[in-house]
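Next up, some structures in structure tokens.
In the two complexes below, chain A is the common chain; its partner is chain B in one and chain C in the other.
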Partner chain A sequence: MSSKVNLSWIASQFEDKNDLIQKKLELDHKQITVLFIKSLIDQELYQKYIINPFFELPTQEQFNLYLFALPQFQEVPSKEKALYFVMEGNVLIEIQDNLYSLDFKLSKNSDVNSTSVETTIHGSELALSDNLMTNINVIRSSYHQPSLMIEYFEKGEVNKPKMALIYDDKKVKRKALESIREKLEKIDMQVITEAPQFNTLLNDQRYSLFPKMLLTERPDRIVYNLAGGKVILLVDGSPQSMIAPVVFFDFMTTMEDNYHTLAISYYLKLLRYIGIFVCILLPGIYIGAVSFSPEVFRTELMLTIAGSRMGVPFTSFVEVLFMLFFMELLLEASIRLPKAISATAATVGGLILGTAVTEAALASNIMVIIVSAVAISTFVIPVNEMAFAIRIVRLILIVIASIFGLAGLTLGFLCFIMYLVNLTSFGEPYLRFYNYRKGNQDSEGQA
Partner chain B sequence: MSRFYYYLVMINMIANIISAVPTILLRYRNDGAVLSLIVGIILGLVIVIVYTKFFNAFPGKTFPELLVQTTSKWFYYPLLFFMAVMWFIAGISTLITYSFLLIRYLTPDIPIMLIGLTLILSIIFGCFMKTDRVLYTIEIVFVINFPIIIFIIIKAYTSKNLNWDFIREAMLHVVQAPNIHAVSSSIFLFLGVVNLVIFNRFFTQKQNFGLKQIIVLVFIAIATTFTTYFIPIGFHGSETVGELIYPWIATSDSMRMRYFVIERLVYVFLLLYLSMAFLSILIHWHVAVELFKYIFKLEKMKFKGINIGYIILIVFFTVSSLYIIVSLTEYQLFQYSKYFFNIAVVNFFAMIFLFIYIIRRMKGANKKANES
Partner chain C sequence: MLIKKRMKVKLFILITIPFLVVLTGCGEFKDIDKMVFVSMIGIDETDDPEKPYKIILKLYVPTSSFRQNPTPEYTYLSKNGKTLAETISILESHLDKELDFGHSKLIVVGEKILQNDNYKEILDFLIRRPDIQMISYFAVGRPNAEEIIKFLPAGETALQPTIFNYFDNNGAESSYIISTFLFDFRRRLKEEGIDPILPIVEMNEPKTHFIINKSIVLADNRPPYELDTDKTLLFKTLSMNAKTIFFAVKREREYFVSRIDSIKSKYNVNVENNKASIKIEMKLAGVITESKNTLSSKELSRYSKMLDEEMKEKVSEFIHEMKREGYDPFGFGLKYYAHTLPKNRMTHEEWLEAYKNADVEVVVKSNLKSTGSIQ
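And now, the complex of A and B:
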């Protein structure tokens, strides 16, 4: 099969030919045919590297050699691959019955974004870009190891975005890598647009609450996790990457922990863990203390609470759910709204509603304090996905506490821990204490 | 030794503070309880050391696997069944004690049936987890609660109400001959090590068990036993302490945190011991579930992809423990606990002879394997 046939086959695949350009150039004894999609290639590069040399170099052999020396040069193994190359933004060149491809892709989305989700005070403000190649460039240029492996593949039947699986070959956890590859094989989706989709696509369990992969936009977090033997998934066109396998504690660290002095970073970590306890347990404790066992807390405190609840017509359970419901609505609304309006929403919701509710005696003052404390402590959790999961856990614990009181709350919390421990993220136990002692030999196995 | 081993031993010691052990010990305070404690510590340590050494010799192997290799069917099925029932009852005794505590102190307006059901349902599914996950759960809950345990112990020892004269007076009873019930209940504190029959599966590498580890164990043993027995006496006096049903609850209620949000320490203590009881039941029932699984081959009982064997076991555990919770009175609980402790202790001592037999047979089996 000659390359002429291939070229005409490719041209026939594009029925509407307005964007596809096929040109035959002839001069003296030199002759080439080029084929490309106009909107996908960088026309300046095309002009500079193909057209100019073609007219300047005296013989066909010299031109061939010149093309061969270009870094964008690639051989074309089959016509299907040739079609794929054209759609990726390559220029196909046919010379003396041989077909070559040159990568002149024009990408307007290759600028590196600034961090918007994981903002920090210290450390880089730059995040990933929307372009896969730029992202890999960013990662490669801050992780200098020959063992860094990048595997490309395509998934998604219709839009076929380019994806990359990145890991350090020497450090990666083999079991996790195998299981990720196995699950990637099984993906059956029409359209894949963003990396976060993998969180559901690579998850065997249909109903799962906690994220099994970590979403990040920070290159420093990616590098840190690569060195820890984890696998990174990138999708072209998505400024976020997924990290797997993850454990619970990955969701409780920010990259900033490494940039502070030891004491400060421990203090911040402690603050964060207290925050997560407060945000899970505080509403439950309020219900348990007010409705079930007021004798647990000191008398003065309970009297204050009872005084504050004076005139409130609901039980503590309804009161908590009522306020939490509006808080969740407020949170959800302020995400969707344009920035200019969301400030107003927060003011109206938080301040005016809070004051009005207590004045109308629909909820006690202390309830408002608790709800805002809970809302603030939810924001302390550094990774958003975990914060969402925790909000649902909190609701479940509120229901348990309103049926069984403080004892039920404790039991529910223990069950929550047990559930987390029982989870697995690509073969890694989700929650356990790791022993980081130097030279520590594992004296236990897994059973 | 791996830290997980110490958790197994310590959880049993700590959790038994709320069970019938201190009540039984204090009942015999004038009839040789002190000497019983000393005898109990020595014999208990013997059990701990023998069991640890034995299972350490066969890393990664559970007791049923060893039995299958060395003994015949008519022997090991009844023995395993007996052990499974024992461990099930050990879990139940903690469960019942805690249900009684809850209804008495924390949630008197909830029916006991519901309390029992909540406790059972929150634990029973955890018992079917893999062994390593059970241990990770234990570690995390233990680490969260450990500061509170230390706080309560420091609070108890530094309390003004702790009268050391009472303790010294109680110590004078050391001359009386030991009592069988007191001895066995103080040995029961050490029986956490028997959980290795299943949990040894987790310790796949040979552990380092020498003098250093034994000294740590001796220290833990003496500290826990002393605290369990003498602190209630120090607070209540050796005369009246025998009348208390839950000596440690009354003891913790004698302490006050004057400047804290929670004023009465008893509520901290109750919630803390809820987690300790949770762990204790989780360990015991995990062993029981694994043994039952082994005896009845429950993995294979499947119907349309649903494992019926597990469901039967869950229903059996739930219904039988609920029945016992509703029907038993506190007085009966202590009587039966006494006999249960006796049987358990005698049984686990007798098993030492079985261990010697197994070791000899395993040596023979290894030799045969080498020759062929």
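And now, the complex of A and C:
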């Protein structure tokens, strides 16, 4: 099939002829046909690298050689591929019945963002960008290993975004990589817009509570995890990347842990783990102790709690659920609202939850303290995905504590740990405490 | 089809279990404001043989804000009855809330109960009731339990009964206060070879505060034996519970008081040919804190020797007295049983006889480190 036919086939595929430009240029003995989408290509580059040389170079051979030397130059294997190239922002050139493609994609979203989800005090403030190639550039330029592998592919039948699977070929866990590839094969989705979607797409268990992949926007975390043998998934147009496989303790690490001195980073880690226990257990302990076994408190504390509950019309677990419900509403509301309004919402909510509720004797003073402690400790968990999962676990434990008391809470917590132990992330045990692989130098970044 | 059926079974289980669980109606669930907490339990004996016991319960009144209401507030329940369990169950009908003994830290019995040997029956009830803590303190009230229970010393604040501080070594660390836990009292009572000792709680005359510096030793088939303040101190010293003691020495024209802050004492019991011998070794270290005469630090060893002799005299006298009367709060008998094989052991009666006639040897090694003044 000749390239002429191919070109007309491609042109016929487009319904909207306004944006598609097909031009035939002839000068002396030189002749080319170009085909591109105007809004997708960088017209300056087009002018500089195609039009100018065409008129300046004397012969067709020289022009061909010149094109061949350009880094954007690509052969076109089939007409379907050619169509895809056009849609990606390439310029198709037909010369002497041969079809070539030149990548002159114009991207306006290639600036790196500043970190907004994983902010730190120490370390880089720059995150990934929305552009895949920029992101790969960022990663490659801070991970200098020839073994770094980048595999491109497309998923999502309708919008077909370009995606990349990145790993260090020497360090990657083969089993996990195979499992990820296998699951990527099975994806059957019409539209994929963001990398976090993989968390559900690559998960076989529909009702799984805990994230099996780590979402990050920080290049340093990506590099750290690449060195640990993990696999990174990037989607064009998404400023976030997914890391797999992960263990529970990855979610409790911030990149800052590596930037502090040992004592400080251990102290901060300790603080974080205490925080997560407080966040999971405190409401349950309150219910269990207040309504089932008041012996566990100190006498003074018990009497103060008993006193502060005087006049509260609800039983302890209704009180806890009531306050937590409003706290969660407040959290949810402040995410959705524009920044200017969310500050007001927080103030109003804080006032209502804080003072008015106790004034009106809808909840005890101690309860307000517990709810705020729980709210604060939720924010201590460094990765958001885990914080969401923990919030749900907390609710389950509250229900268990209000039915079975402190003993039930202990048992429920045990079940929670058993569940975590049972989980795997792409073949890796989820609650793996420490890395048992030999050789410490390649255990960096592995949980 | 099989899969569908399995799903149905799963769904059935998922739905029934929550229903069964929730429909139990939270039988144990009881909010903290629907309970009333007992602070102390007092048990007295009445003159009425039909209803020999009088139970007095001191109940906490919860306050919502300690700052607004710092004065102590309690309510009291009291009732005479034949048995303790029945009486308490009747007392529960006097309240709108559930009685909870989980926070009662002190059990006071009247002196009269000890005299009439009724304490074993009381102890049985206290041990059996699950929500009474075995780590409650047990004390004897003088003149009776009711007055001690109902007495509010000056300076007491809400929620913090001062009397607990006497016993728990957090507040007072006096060497005159014996603290006996309920479990320990029971252990000493049931065990052969060691006798229980209980503190006596009194009030001072204008009734402003408690005085706890005497104790009482109980033994089978004998009337309770009271130890006065000095003997209580000696007992605490010998049982190594005292942290610091002040000990006066008066001999050879010297009269000084030493502050002893390191006390080590151990004792051995040997029995040969049914003749028991008790050897007590004490090591003391401290400084002199008060003296009538001027002391020279060069003569510290002489002062130490004087302290040795004084202590030896006091201790021997105390142990001879205990032995003569047949009381054994130190556990010499237990020590003997623990160190002898069962086939060589005397019976309890034989031991008591041997204990009465035992030889006592006291060795005191004291080390006074300073005269307490700079020269």
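The rule is simple: the second predicted complex is superposed on the first by the 432 of 447 C-alpha atoms of A that agree within 3 Å, B and C clash if a C-alpha of one lies under 4 Å from a C-alpha of the other, contacts with A are read in each partner's own complex, and residues count from 1 in each chain.
We take it that a contact is a pair of C-beta atoms (placed from the backbone, for glycine too) under 8 Å apart; a residue touches a chain by one contact, two chains touch by 3 or more.
Quantities reported herein were computed from a predicted structural model and do not represent experimental measurements.
**Student:** State whether A:Q72 touches chain B only (first), chain C only (second), both chains, or neither.
**Tutor:** Neither partner.
**Student:** Examine A:G307 and indicate which partner it touches, taking first as chain B and second as chain C; both and neither are also allowed.
**Tutor:** second
**Student:** Answer with first, second, both or neither: which of chain B and chain C does A:L431 touch in the superposed model?
**Tutor:** first
**Student:** After lining up the shared chain so the two structures overlap, which partner does A:L414 touch, if you call chain B first and chain C second: first, second, both or neither?
**Tutor:** Only chain B is touched by A:L414; chain C is not.
**Student:** In the overlaid three-chain picture, which partner chain does A:G405 touch, first (chain B) or second (chain C), both, or neither?
**Tutor:** After superposition on chain A, A:G405 lies in contact with both partners, chain B and chain C.
**Student:** For A:V290 in the superposed arrangement: first (chain B), second (chain C), both or neither?
**Tutor:** So A:V290 only meets chain C here.
**Student:** Regarding the shared-chain residue A:S316, is it in contact with chain B (first), chain C (second), both, or neither?
**Tutor:** Second partner only.
**Student:** State which residues of chain A lie in both footprints, the one left by chain B and the one left by chain C.
**Tutor:** Residues 292-293, 295, 299, 405 of chain A touch both chain B and chain C.
**Student:** In the complex formed with chain C, which residues of chain A make contact?
**Tutor:** The touching residues are 290-295, 299-300, 302-310, 312, 315-316, 365, 402-403, 405.
**Student:** Quick check on the complex: what are the chain C residues that touch chain A?
**Tutor:** 21-22, 26, 28-33, 35, 37, 60, 62-66, 100, 102-103, 105, 131, 133, 159-160
**Student:** Tell me, which parts of chain B touch chain A in their complex?
**Tutor:** 2, 4, 60, 102, 106-107, 109-110, 114-115, 118-119, 122, 126, 129-133, 136-137, 139-141, 143, 201-205, 207-208, 260-264, 267, 270-271, 274-275, 278
**Student:** Would you pull the chain A residues touching chain B in the complex into a rising list?
**Tutor:** Contacts found on chain A: 292-293, 295-299, 301, 404-408, 410-412, 414-415, 417-418, 421-422, 429, 431-433, 441-447.
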